[in-house]
Amino acid sequence: MTANSDFPDALLRTLRDLGAATLHEAQGQTGAIDPAIRPLDPSFRLAGPAFTVDCRPSDNLVLHLALTKAKRGDVLVVDAKAFVAAGPWGDVMTLAAQVAGIAGLVIDGSVRDSQSIIDMGFPVFSRGICIVGTNKNQPGTIGAPVSVGGVRVEAGDVVVGDRDGVVVIPRARAIEVAKLGREREAKEDALRDQIRAGRTTLDVLGLGDSMRRLGMQ
Amino acid sequence: MTANSDFPDALLRTLRDLGAATLHEAQGQTGAIDPAIRPLDPSFRLAGPAFTVDCRPSDNLVLHLALTKAKRGDVLVVDAKAFVAAGPWGDVMTLAAQVAGIAGLVIDGSVRDSQSIIDMGFPVFSRGICIVGTNKNQPGTIGAPVSVGGVRVEAGDVVVGDRDGVVVIPRARAIEVAKLGREREAKEDALRDQIRAGRTTLDVLGLGDSMRRLGMQ
Amino acid sequence: MTANSDFPDALLRTLRDLGAATLHEAQGQTGAIDPAIRPLDPSFRLAGPAFTVDCRPSDNLVLHLALTKAKRGDVLVVDAKAFVAAGPWGDVMTLAAQVAGIAGLVIDGSVRDSQSIIDMGFPVFSRGICIVGTNKNQPGTIGAPVSVGGVRVEAGDVVVGDRDGVVVIPRARAIEVAKLGREREAKEDALRDQIRAGRTTLDVLGLGDSMRRLGMQ
Amino acid sequence: MTANSDFPDALLRTLRDLGAATLHEAQGQTGAIDPAIRPLDPSFRLAGPAFTVDCRPSDNLVLHLALTKAKRGDVLVVDAKAFVAAGPWGDVMTLAAQVAGIAGLVIDGSVRDSQSIIDMGFPVFSRGICIVGTNKNQPGTIGAPVSVGGVRVEAGDVVVGDRDGVVVIPRARAIEVAKLGREREAKEDALRDQIRAGRTTLDVLGLGDSMRRLGMQ
Amino acid sequence: MTANSDFPDALLRTLRDLGAATLHEAQGQTGAIDPAIRPLDPSFRLAGPAFTVDCRPSDNLVLHLALTKAKRGDVLVVDAKAFVAAGPWGDVMTLAAQVAGIAGLVIDGSVRDSQSIIDMGFPVFSRGICIVGTNKNQPGTIGAPVSVGGVRVEAGDVVVGDRDGVVVIPRARAIEVAKLGREREAKEDALRDQIRAGRTTLDVLGLGDSMRRLGMQ
Amino acid sequence: MTANSDFPDALLRTLRDLGAATLHEAQGQTGAIDPAIRPLDPSFRLAGPAFTVDCRPSDNLVLHLALTKAKRGDVLVVDAKAFVAAGPWGDVMTLAAQVAGIAGLVIDGSVRDSQSIIDMGFPVFSRGICIVGTNKNQPGTIGAPVSVGGVRVEAGDVVVGDRDGVVVIPRARAIEVAKLGREREAKEDALRDQIRAGRTTLDVLGLGDSMRRLGMQ
C-alpha cells in the first residue's frame, strides 16, 4: 500500500483488511459498485481515496492527464460509460501509474495487457478485458463526481476492493465506518464462537419472532 | 465428502468423480443447470442430495431455517430468483453449514465473502458474487420443488457439480445413472485407445452415413 | 507449438509472444474478436493459421470432419452461432485434435470437460462452458469464411490468442504485422524507459496540443 | 378462441379475460414464464391447453410433427433452448396451425415473418424475432414435460398469455384457479371502490402493523 | 398534467414539450437514465418533480406509503434494484396514484397489468413488465436520494420522460435548463432552415477544421 | 423509395416486398444482421445499396461527412461499435439525410429523437434508443467494409430491412437473389394451397424419411 497524504496508512490498511462486504454492511448497505466490475486477479486487494475521472468510451486522453494529477496512494476511479469493447488502459499506463505511486484503478470499462498488469501487481478492477485500443481525441474531466457501476463517487471518497467487489465510503465517514466494520467483525467472531459451540443462527440471531409471524416452522 | 443417510458414500463419490458432463449425457441429456451458475473456485467438486429452498430476492431468513433442517451430506439448492445484486449467503452461514455437515450450496443468486468461503473449502456454485447483504423479513419455503437455473429440482434429487457446471439427477435414477455413466466412461476410454492408435472419430463413431446423406465429403 | 507447413515456426512464435493486444494495435486496430470469447485457462497462449468451420448450434458432426482435414499446427476456428447452452467439444475430441497435431480451438460457443482439456494443455478459447452435449445430424462447412465473435475469418488467417483475447491477422499480412508489432514493442520499451526516468505520458506522447484544443488543463 | 375438447370454452374464456397477472397471483405466485417471452403484438391474448414440444435450436422438424398431432384449441408450447438467433416458426407453419385449429404458440426461441403472423391474427409469444431459418435434421419430442422460460410445463396444463406475459396453470387446478381469479378480481373491485372513495391502500390493505414493526412512519 | 405546488405548470409543460433528448443536451449531457428504462406505451410523455422511493426487490410495502405522501403532480421515482422478475406496481396502485394526483412513475424494475395502466393513461417508465407480484414485508425509504438507472435522483429534481427515455434535471436548474432547451431548439430550427436551403451539416456546424486535423476528406 | 443510380427501382422494390426473411433463406441462409438491431417503428421497410460508415462510439463527426457523400437512394450502414449508451443520430441529421435523398439508416448503436424520426417517416434500424448525444472529435471512415450486427457489409451491398430484421445481399448477387426469392415465394404459395386443401407440412415437405430415420412417429 502506498502512503497517502489524506488518510493515515493504518486506516486504509484496516479498511482493506475488513474487506468490501463487511464495510458495505457496516455503513448501512450503501455504496456497492455493480458486481460486474471485478478484480483482474482474484488476489487483488485495494484501499485508497478516489481520484475521479470521466472519459468518453474509446478514448483515453483524459487518463493521461489524470496520471499527472493524481497523488501518491490515490485510486483512479474512471467512468468509461460501461463500454467494454475497448480497453483504454494497458501496461504502459500501469507503469506510469506505479511510478506516480498510484494505488490502483477501478474502471467502468475494459483494460488490455491483463497478464502484464497482473505480473506488475497493480490492482485493477474492471468491467471487462479487451484488446481494442483507443484514441486520444476526446475531452474528459478529472476531480468531478462520477457514476461508476451505478454508484456516485466524489473525489476523496475511499474505495475498497477485493475478490467480492468494490465499495465506496464517503470521505467524511471513513473513520466511523472502519470503527463500525471492526465492531461488526467482532460481533461476527462472537457469532462464530456460538455456532461452533452448537447453537443455530436462528437462535443466535433471534429470528424466532420473524419465523412465527410469517408462519414458518 | 460428508456421510449422508439417503445415499451410500460410494455412490456419491462415483457420481462426483464421473462429473457433471458425463452424467448429463449418461441420463439422456437432461438436468443441466444454466451454465451461468458456476463454482466460486474452479477446483470445487460436489455431489449430494438436494435440500431445496425457495427464497425471495434480497432476503435470507429462510436460509437460516434451512441450516437447522438440512441433514449431514445434503446440498442446499436455493432458488433466489436469479437476483445477483445481493448476496444472501456469506462466511458466517458457511461456518454454520459446515458445523451441520452440509455438503455444499447451489444458489440461483449471489454470495458474498467469496475468499473466506474458498479458504474454508465449502463448495459453492452461484450465479454471481455481490457484497450487498440482505434482510430477514420475507417468508420462504423448504423441501418443496424449486426451479434453479431453469431446472426443476425436488428434495432428494442428487446434485453433482464441478468446473463444467451442475447436473440434477432424479433421486430414483441415481444408481442407474451412475452405472450408465461408468459405461459411458468405459466406452470413451475405448474410443481414446482407438484414437491414440490413429483412427479418426468419423470412423470410430460411424459417422459416414450421416456425412454422405448430408453431402459432406 | 506444433510445426505448420504454411508459416515458419519462428513467425508464429513471434506473433504469440507479441500477444493479441499489441498485434491488434499494430495492424491498425482491426481483427479483435468479441472479448466474451476467452481462454479456458488464463495461461493459454495460441498462434496458428485458421482452419474454419461453420456448424449449427447443438450439433458437432462437422467438427468430426474438421478433425480429419485440419493440418498440423492449424487452429480450429468455429462459428457455433454464439449458442452457449450446449458444448459441441469435449475431451475425446481434444485427444483426437492433439493426435492430429492441431494447435488449438477458438469457438463461438461452449465446450465441456473443461478441467480435462486444461489438464491436457490444449488451448481452447470459447464463449462459454456447458455440460450439455450435442447431436450429430446437421450439415456444416469447412474451409469457407466464417464469422466468429463479430470478425470475419478466412482459412489461413493467423489467429493469436492469450489472456487478453483473440485477434485475427489476414494471411497475407502476417509477416508485416509481426514486424509492426515488434516495432511497436520497441517503441513501448523506449516509452517505458522515459516513464521510469520520470517523464509523463502526456509529455512523451506529445498530447499537449490535444489537451489545449479541448480546454483541458 | 377455438373449441377444445379438454376444457369448456367458457372456462378458457374466463381464464383469458382474467389475464396472466391475476391468475399468477390467484394460484399463489407460481407459474410465471420468463417475461422476456412476449407477444409479437401487444393485443394478443391466449388461453388453451399446452401441447408440449422439445426441439433442438436451429431445427424445426419436430414442429412439423406437432402440427399433425395437436388438437383443436391446443397451444403449442415449445422449448427451443432459448436460442434466439434462428426462427424455427414462420408464416407457412402459421397457416398450417390455423388450418389445424391450433390456438397459438409459446416458444422459448425466435420466430420469423412476424408481420404476416400478426396480420393473420395468430397469437405468438416468443423470446425473439429472427430472419434466420432452420434445418429439418434433428430429433425432438412431443407430449413430454418441457421447460419453457424457466417453468416446467406438462401436456394439458393451461397456458394463458397477454401483454403482461404468460402463466402456466396445472391442468388439475384450472377450474379452481379460475374461481380464485374471479374472487381476486372481485376483491380488487371492492378495493377500487374504497380507493375512489378516498381511502389509502395502506389503510384498506391493513398495512399499519407492518409499517410500525419496520419503523416506517 | 397535474398541477404541482413546487413548479409552475407552464414550466413543466415547456420541459415536457422540449423532450428528454433536447434537455439532456441543454444541461451539458448529464442526467440520462439507463435507456433500458422505457415507457410502457411509446406515446407517454411526463414531466414533474421526483418523489423518491427506495424499495427492496420483490416487495412493495414502501410504495403504499409513498402513495399517501406524494403531492399532486409528483412523479414517483423508484429504485427497485433493477430487479425485473417481479412487478411491484399494478393497476390498483395506478388508480390510487391517479386519485392522489400523482403524475407518473419511473421505476428501475418491472410493473404488471400493463394493458390496464396504458388504458388508464398513467405514464409509467419501467425496466420491464412481469406478472409476478410481490410481498409487503420489507422496509424502504421515501424522500432520500436514490439511484435509478445509474443516475442519482434527489427529491424535487425534475424528471422528464418520453419515447426517447428519461432525463433528470436538478431542482435548482429547472428554469435555466428550460431556457437553454428553448435556445437549443431555436438554434436547431435555424439549422433546419439552412439544411432545407441546401447547406450541409459539415458546413453549418463548422466541422471543416476537425475534418482536416483528422485527415478526413 | 428514392431513385438510386446503381440499382433499378423495380429491383429494389421487389427486394423490399419479398422481405428480409425470404431473402435470407433465398440466398442460402446468409447475411442476417443481429436481430437486436430493429426498426424504430414496426411499419418501416427499407431496401437500398449500403453506404458504409465506421465510427467511434460516442462521436458522430464522420456521419456528417457521410451525409455529404452518400448518393440518392443509399442506405447508411454504420458500425457504431454496438455502443448503445449514446445516440449519434437525431432529427436534424434525419432532415439532412432526407434532403440528400438518403433512403434510410442501419446503425449498430443507438439513435435519439425517435418520435420525430418516426413522424418524418425515415426508416431507421438501430440497436437502441438513447437521449445521450455525442461529440465531434473522432476520426472515422466511409466506403470501407464494416461489420454491423455480426455481418460484414461492403459498400454497394444491398440492405433490406423490415419488422423481422435486416439482411445484407452481396451487390453482385442482387438480381439472382431477387429471382430466387420470387421462386421461393411461388413455392410457398403452392405450399399454402396444399395446406389449405388439408395436407400436412410433413407430407408436402416430404419429411417422412427424416422422421423415420430419427425414430419419430
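Which chain is which? They are A, B, C, D, E and F, in the order written, and residues in each are numbered from 1.
Just so we're on the same page, a residue touches a chain if its C-beta (ideal position, glycine included) is under 8 Å from a C-beta of that chain, and two chains touch if they have at least 3 such contacts.
These numbers were taken from a predicted model, which means no experiment stands behind them.
Looking at chain C and chain D, the chains in contact with each of them are B, F.
Between the chain pairs A-F and A-E, more C-beta pairs are in contact across A-F.
Annotation, chain D versus chain E: rotation angle of 120 degrees from the Cα superposition, expressed as a multiple of 5.
Where chain B touches chain C, under half of the residue numbers in use are shared by the two copies, so each contributes mostly different positions. A straight line joining the Cα centres of chain C and chain F is 30 Å long.
Distance between chain centres (mean CA atoms), chain B to chain E: 43 Å. Distance between chain centres (mean CA atoms), chain A to chain B: 31 Å. Residue numbers of chain F whose C-beta contacts span two or more other chains: 85, 137-139, 214. Contact between chains, per the stated criterion, is found for A-B, A-C, A-E, A-F, B-C, B-D, B-E, C-D, C-F, D-E, D-F, E-F. Those residues of chain C that touch chain B in the shared complex are 61-62, 64-65, 67-68, 84-85, 87, 90-93, 95-96, 99, 110, 112-115, 128-133, 136-140. The touching residues of chain E, when paired with chain B in their complex, are 56-59, 81-83, 85-86, 135, 137-139. Listing the residues of chain D that touch chain B in their complex gives 137, 147, 150-152, 214.
Considering their complex, residues 19-21, 24-25, 29, 32, 35, 38, 42, 162-167, 188, 191-192, 195-196, 198, 200-202, 205, 207, 210-211, 214-217 of chain D touch chain E.
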